[in-house]
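In the two assemblies presented below, subunit A is common to both, partnered first by subunit B and then by subunit C.
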Partner chain A sequence: MIQCKTSKEISGMGHSMKRKEDARFIQGKGHYVDDIKLDGMLYMDIVRSPYAYAKIKNINIEKAMKVPGVVAVVTGKDLEKYNLHWMPTLMSDTQMVLPTDTVMYQAQEVAAVIATSRYAAADGVEAVEVDYDVMKPVVDPFKALDPKAPVLRTDKPGKKDNHIWHWEVGDKKKTEEVFKKADVVVKEKMYIPRIHVASIETCGCVADYDKVNNHLTMYMTTQAPHAIRTVIALVAGHVGLTEEKIRVISPDIGGGFGGKVPVYPGYVIAIAVSFLVGKPVKWIEDRSENLQADSFARDYHMEVEMAGTKDGKILATRFKVVADHGYADAQAAPSKFPTGLFSIATGSYDYDTTYMEADAIYTNKPPGGVAYRCSFRVTEAVHAIERITDRYALEVKMDPAELRMKNFIKKEQFPWKSPAGWTYDSGDYHQALKKAMDVVGYEALRKEQAEKRKKGELMGIGISSFTEIVGAGPSRDFDILGIKMFDSAEIRVHPTGKAIARFGTKSQGQGHETTYAQIIAEELGIPAENIQVEEGDTDTAPYGLGTYASRSTPTAGAAAAIAARKLRDKARKIAAYLLEVSEEDLEWEPGVFFVKGVPEKKKTIQEIVFAAYTNHPQGMEAGFEATHYYDPPNLTFPFGSYICVVDIDKETYEIKVRRFVAIDDCGNIINPMIVQGQVHGGLTQGIAPAMYEEFIYDEDGNILNGTFMDYLVPTAVESPSWETGHTITPSPHHPIGAKGVGESPTVGAPPAIANAIVDALAPLGITHLDIPITPYKIWKALKEKGKI
Partner chain B sequence: MIPAPFDYSTPATLKEALTLLQQLGDDAKILAGGHSLIPMMKLRLASPAHLIDINKIPGLSYIKEEGGYLKIGAMTREVDLEESEIIRKKFPIFIDASKLIADPQVRNLGTVGGNIAHGDAANDQPAIMLALRAEVVITSLEGERVVPIDEFFFGFYTTAVQQGEILTEIRIPTPSKGTGSAYHKMERKAGDYAIAGAAVQVSLDGKGTCTQIGIGLTNVNATPMRAFRSEEALKGKKLSADLIEQAAQLAAEDCNPSDDLRGSADYKRTIVKALTKRMIHKAAERAVNS
Partner chain C sequence: MEKQITVTINGEAKTLNVEPRLLLVHLIRENLNMTGTHIGCDTSSCGACTVLMDGKAVKSCTVLAVQADGKSVTTVEGLATGNNLHPIQEAFKENHALHCGFCTPGMMMRAVELLDKNNNPTEEEIRWGISGNLCRCTGYNNIVRAIQYAGAKMRGDKLPSTDPVFV
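Right after this comes the complex of A and B.
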């Protein structure tokens, strides 16, 4: 049971308060970008390339301009006049807004049609005639490194290959030595497929440039409105759009998952057109455009090795990654971390030797990738370590649970310094796995499995004991385009004791309007119901880096607590003045200051706030407001243990997830109901790449499954009945001991499922299968092994 | 995802619709439930100049038993089958299928007639109709003609429905006592087209001998396919596990699946065998319990 310090009326931390935002969402009263309609608004639609790699010989807009309602067709040559045809990516690479001569991936933007209606714009797109000179694309990142491969980024002076960057961490020499001497070495090649966030709401914007006042209001689907405002100012400052003239508004968002962090060409074209014609321009992607052109996630080719003793003690790990970035490194990751936080890949285990390296490659695919519900490549890292750990257990014929228990970092070893350089804040890995094993009934399941194996039936049990790394991040290391990754909260309490709180983050479904209110309620004793939370408007909210990478609770949540504490300090001064005692004589319980030993001598927070406006002490600043910019001292390290049980049909190879137990530890819990909801959603997005989702390209760079017909997003039907639970190990450095939970399930679930399936097939000689693992893939693998 | 411009009419009678169809010729398409046609139009894979919406025509939606047949009006929605007492009692195969056809929204609008008239081997109803030995009623200004289901599917998206004609009814012979039917398809996820599917209707006499059998296969051939050799292997024989296994093997050998994202042809044959076997067993079990 979670202990609550506040009453249900106040609903501070630990209460399963119903989500305040749901009143509008469940009534269909949310307000999304596509709900915005402005006078004189024009509509934009985009002509996209059917080819992965081609020279543009000519673009003929004549027929398109004759389509009734079409007012303009914009090409790269038009943007070139304003030097707006290229833009920077968040990783200091460059990508095209619209091409002037070459297209680099299928579905790339080629021209934009502006019309008086959405329908006319679509007809205009059909009428634009583009002449292409098709070239043989580079699709495979390994072939891209061949010296004979064409150099894709000829726009970069002196560029002679398709290599983007090399990264490494750890001790190469020591790792080699340990591997040489080790009794047991296991190695697997693992591919984490290119996938897509596929949020229900696609991306879009309404760019509204006011010529008279030289002011741009940009309504857009962004997870980071402040950062976007700065980026727009950096890109468009030279045409007079400086930062004070730009207001970015991110209204309700229908799912982001990292896909709404980057700046896509469509946004920039809409701004450019609005700027040139002086009218609002709306651009809303359709589903196919969203899937085929917007930033992908993952796409990591990994070689993973583990060295250990015969009796199951891990000694070292080694990771070699080839990262396919498409034609531009358009990741949304902190500047100094080209592989994101992949170096968490040493996992939950106590050993001191590792070496990791990665090379990023250009190919003729859409640029990326985004951190899909994953704080920067943690999904890839966790899959690598949790899969290879099972592989090692198989090799030394040890139960994978026992092997994990033997190697876990012990709770008394925290704070623990990982061989890749991180300081894990806190953890109790043994407890989490033990709890998961108890809930699932591990011993009985292993017995059942042994019986079934005798009969030739295929049943598997898979474990994933992951360590996450979230809450980017401390300013000494973390920035995006130079802006430090702090986040902010501003609290204003009105004279009647009700409050508005504003943040630099932006909820996309996480429930910030509720959880931030609960944090403030916990600290100030004002009922969460009476605290209005606002995000997403750069004119009103304090500056912040936005919501992704499970960073909102670790950063803005901390800022809320500290801003509220500043106010509580002020409240204490006012209470002392009102009660005519010294501050030291006062005691606090949620919502009330009272005189020690005389509980009837008290002032409620509402009385104190009223006094701050009506009867404040002389010399004290009036009002009751506070702001805090929180720069975290460290990241937070949520963790958990998941156990998955699968049954595989011997004739059709269909995979049935019979049980899935998820024990999460995200430190102190703000709202258990919301955490459970996050875990359910995250687990479903975990079975997605494990069993269903993957982009498939043919050798000509055509995407073969660019619609929901073939890009298989799991639904409620595919979701097993999740069994969730938690342990609580507070973060020692976070003001409210919270760690963040949004991504843990997405990160932790895929290896649990993959391990379970491989475990089921192990008697048939299978040691590894790449995700997504489908019935067809199992059939193929068994066929190759001669088992069918 | 926006279709090319098109004209649209909503005739109030079948005659009006047929007249329009004759006038407009190849440029017109009939709009029934729209769940095959509209997605194709939105992707601009189909751009008919004219849509003739037959949803406003009364009398095309019914499920009734008459003259030794179950008669299903062409505009009967998939959901109507799900909710029909007659279907629930006598044709469990439709209940099996309706759980697997797309999703509830689609089944609320998608029609049985449209599902067949689209001529797509990936749809579920064609294989079922093959197993049930249905007949298709096709209407033109000249009158009605009845086409046995075996002569209905010509090729990819082409059927016996000619220019100026509308599919108006499906007739299924009332099964004899001791008949059972079953359908299953394997899909990659809910709402997907089949990797493969098998529809079986079997009639057993008192001694367990198979007197009648129909087996239809989904999405493993250019057209919806009847597994003739499998039927022959079972007809007149007392069903046994071995015999059913052999019949299923014949279905796997006779189908002509193609390699695609759902799997290789070989893999699909494996699935055809497994599903055919299971559906024969299930239909036989239902026949015994009927």
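Right after this comes the complex of A and C.
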């Protein structure tokens, strides 16, 4: 049971308050970017390359310009005149806005058609004639490293290969020694496929440049409006668009999941065109464009090893990663961490030796590497450690639950320093796994499995006991393009005791309008119902780095609590003045200051706020407002234990997820209903790559499943009925003890499912299968093993 | 060559001249400025654009506006009666069946048709029934629950609890 300190009327932390934002969404009054219509607005559509690698010989726009309604066709050569044909990526690499001579991946933007209507723009796209000289692309990252492979980034002077960067952490020598001496060493090659966030709303914008006032309003699907404003100023400052002249508005967003963090060429072209023609320009991607060209996620080729004793004690791990970044390093990761937070891969276990290395490679694929519902490569890391832990349990013939229990970091060992350098804040891993086992009925399931195995039936049980790392982050380590990753909250309480609060983050469905109000309600006792939350407008919200990587609660949520506490301190002073007692004589309970021992002598927060405007003490600043920029002292480390039970048809290899129990620990819970909703959603995004989703490219660099017809986003039929629960281990350093939850399920679910499937097939000699695991993959693996 | 059509939208008859190739979803969103109906794909896969045409749920990105000539179309904007929410709207809010809200209008329109035909569907019938509508946010658990809740409301049964259930 979650304890609430406030009444239901106040609805502070712990209440399953119904969401404030829902009223508009259920009545068709959401306001998404494609709903914006401005006077004189033009529409933009994009000509894309059918080839993965080709020289552009010629672009003929003549016919397109004759299409009724078409007003302009923009090519790379046009942008080159303003030095806008290239742009920086978030990783300080460069990426084309529009090409002047070469296309680097299929579906790359080649030209933009501007017209008076959506249909005319699409007609214009059809009529643009592009002459290509097709070249043989480099599709496989391992082949890209071949000295004979063509060098893709010829735009970079002196670049002689397709290697982007090398990264390593840990103790190489010590790891080698431990591995050499260890009784048991297991090793698997694992591939985490290239996938896509596939939020149901695609990306888009309306760029509205006002020539008279030299002012740009940019409505866009962005998870980080302030950072975007700064980036636009950095890119377009030289044409007179400086930061005070730019307003970025992020309206309602139809799902982000990290895919709406990067700056895509379409946004930049729309701004350039609006700047040149002085009219608003709308660009909305089609789904297929979104899948084929926008930033992908994952695409990690990993070699994972674990060393241990015969009786199941983990001694060391080693990880080697080859990361396919496409033709530009456009991943979203904090500057210092080229592999993001992959170094969480040592997992939930108590051992002190690890070594990790990674190399990033250019290929002829779309650029990216977004943190898809994941703190920067944590999904890959957790898959690696949770899969290899099961592999090790199989090798030493130990139950995977028992092996985990034996190796978990104990709750009294926190704060715990990981061999890769992180300080885990708090945890109780034993409790979470025990709870998951109790709920699922682990012992009974193992017995059932043993019975079924005798009959040749395929049933599997898979565990994943993950440790997450979220809340980027402490400014000493975390920045994006130099901007420190703090976040902010500003609270203004009106004379009548109702408030508006603004944040540097941006909800894309997480329910911030409700949860932030609850945090403030908890601290100030003003009913959450009376606290209006606003985000996404850079003209009004305080500066922040946006919402992704489960950072909103750890950063902006903390900022809200601290700003509210500043106000409570002020309230105490005013109450003391009004009640004519000293501050120390006052006691606080949600919404009221009263005199110790004399509860009828009291002032409500509403009375106090009114006094702040009407009768404040001499010498005190009038009004009731506070702002806080929160720079976290550490990251937070949510964790959980998931157990998946699968039945596999022994003839068709159809996989049925029978049960899936998820126990999450995200510290103190703000709104249990919303936390549960986040977990449900993340679990479905976890089963997706585990069983269904993967982009497939042929050797010519053609994407073979770049539409919703053949990229299988799970429907309600593929998605099991999730069983979720929690344990609560507060974060010791976070002002409200919360940790962040959005990405735990996406990160934790795939290995639980993969482990269950491999467990079912283990009697047939299967030790590992790459996700997504499909009936065909199982059939193929068994065929190769000679089992069928 | 434009063609004149008359479509009844949410009870109001509208006569307009449209291009024969205009999609119903664009007629609704662009010509009639009702933006509650969304577009999530270009392959008739996601269902974000679902509306009712003569009571039948259709993907309005896959229907031409001219095919709606003489027909009656209901969108999310037409669900509530005055200030009274439709049971499905109440159910989605009470059961936290939406996160970003983008799939929600289409999902609700499909659910309305489902419940019109059978106001007491099993979980399996609901899951198959909404399998033409994608939601990337919710994991569907609460959508299923919301549709059950709306069914109970439409049947006049006692309403199930909307508290989250934890294991």
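By our rule, the second predicted complex is superposed on the first by the 788 of 788 C-alpha atoms of A that agree within 3 Å, B and C clash if a C-alpha of one lies under 4 Å from a C-alpha of the other, contacts with A are read in each partner's own complex, and residues count from 1 in each chain.
Here is the rule we go by: contacts are C-beta pairs under 8 Å (C-beta built on N, C-alpha and C of every residue); 3 or more make two chains touch, one makes a residue touch a chain.
Since this is a predicted model, take the numbers as computed values, not measurements.
Of the two partner chains placed by the overlay, neither subunit B nor subunit C lies in contact with A:339.
In the superposition on chain A, A:505 makes contact with neither subunit B nor subunit C.
In the superposed model, A:439 makes contact with subunit C only, not with subunit B.
Shared-chain residue A:286: touches subunit B and subunit C both. By the touch criterion defined above, A:774 reaches subunit B but does not reach subunit C.
Of the two partners, subunit B and subunit C, it is C that touches more residues of subunit A.
Judged by the touch definition given at the top, the superposed model places A:634 against neither subunit B nor subunit C. When the shared chain is aligned, subunit C comes close enough to touch A:28, but subunit B does not.
Shared-chain residue A:118: touches subunit B and subunit C both. With both structures placed on the common chain, the touch criterion links A:719 to subunit C but leaves subunit B unconnected. Shared contact residues on subunit A (touching subunit B in one structure, subunit C in the other): 118-119, 286-288, 707, 709, 713, 715, 717. Taken in their complex, subunit B has these residues touching subunit A: 1-2, 4-5, 43-44, 186, 188-192, 195, 261-264, 266-267, 270-271, 273-275.
On subunit A, the positions that touch subunit B within their shared complex are 118-119, 122-123, 126, 286-288, 651-652, 654, 692, 696, 704-705, 707, 709-710, 712-715, 717-718, 774-776, 779-780, 783, 788.
Residues of subunit A touching subunit C in their complex: 16, 18-19, 21-32, 34-35, 37, 118-119, 197-202, 252-255, 257, 286-288, 439, 508-511, 661, 663, 672-674, 676-685, 707-709, 713, 715-717, 719, 721-726. Residues 19, 21-22, 26, 29-30, 33-43, 45-46, 48, 75-77, 79-80, 85, 89, 92-94, 96, 98-105, 108, 123, 126-128, 130-144, 163-164, 166-167 of subunit C are the ones that touch subunit A when the two sit in their complex.
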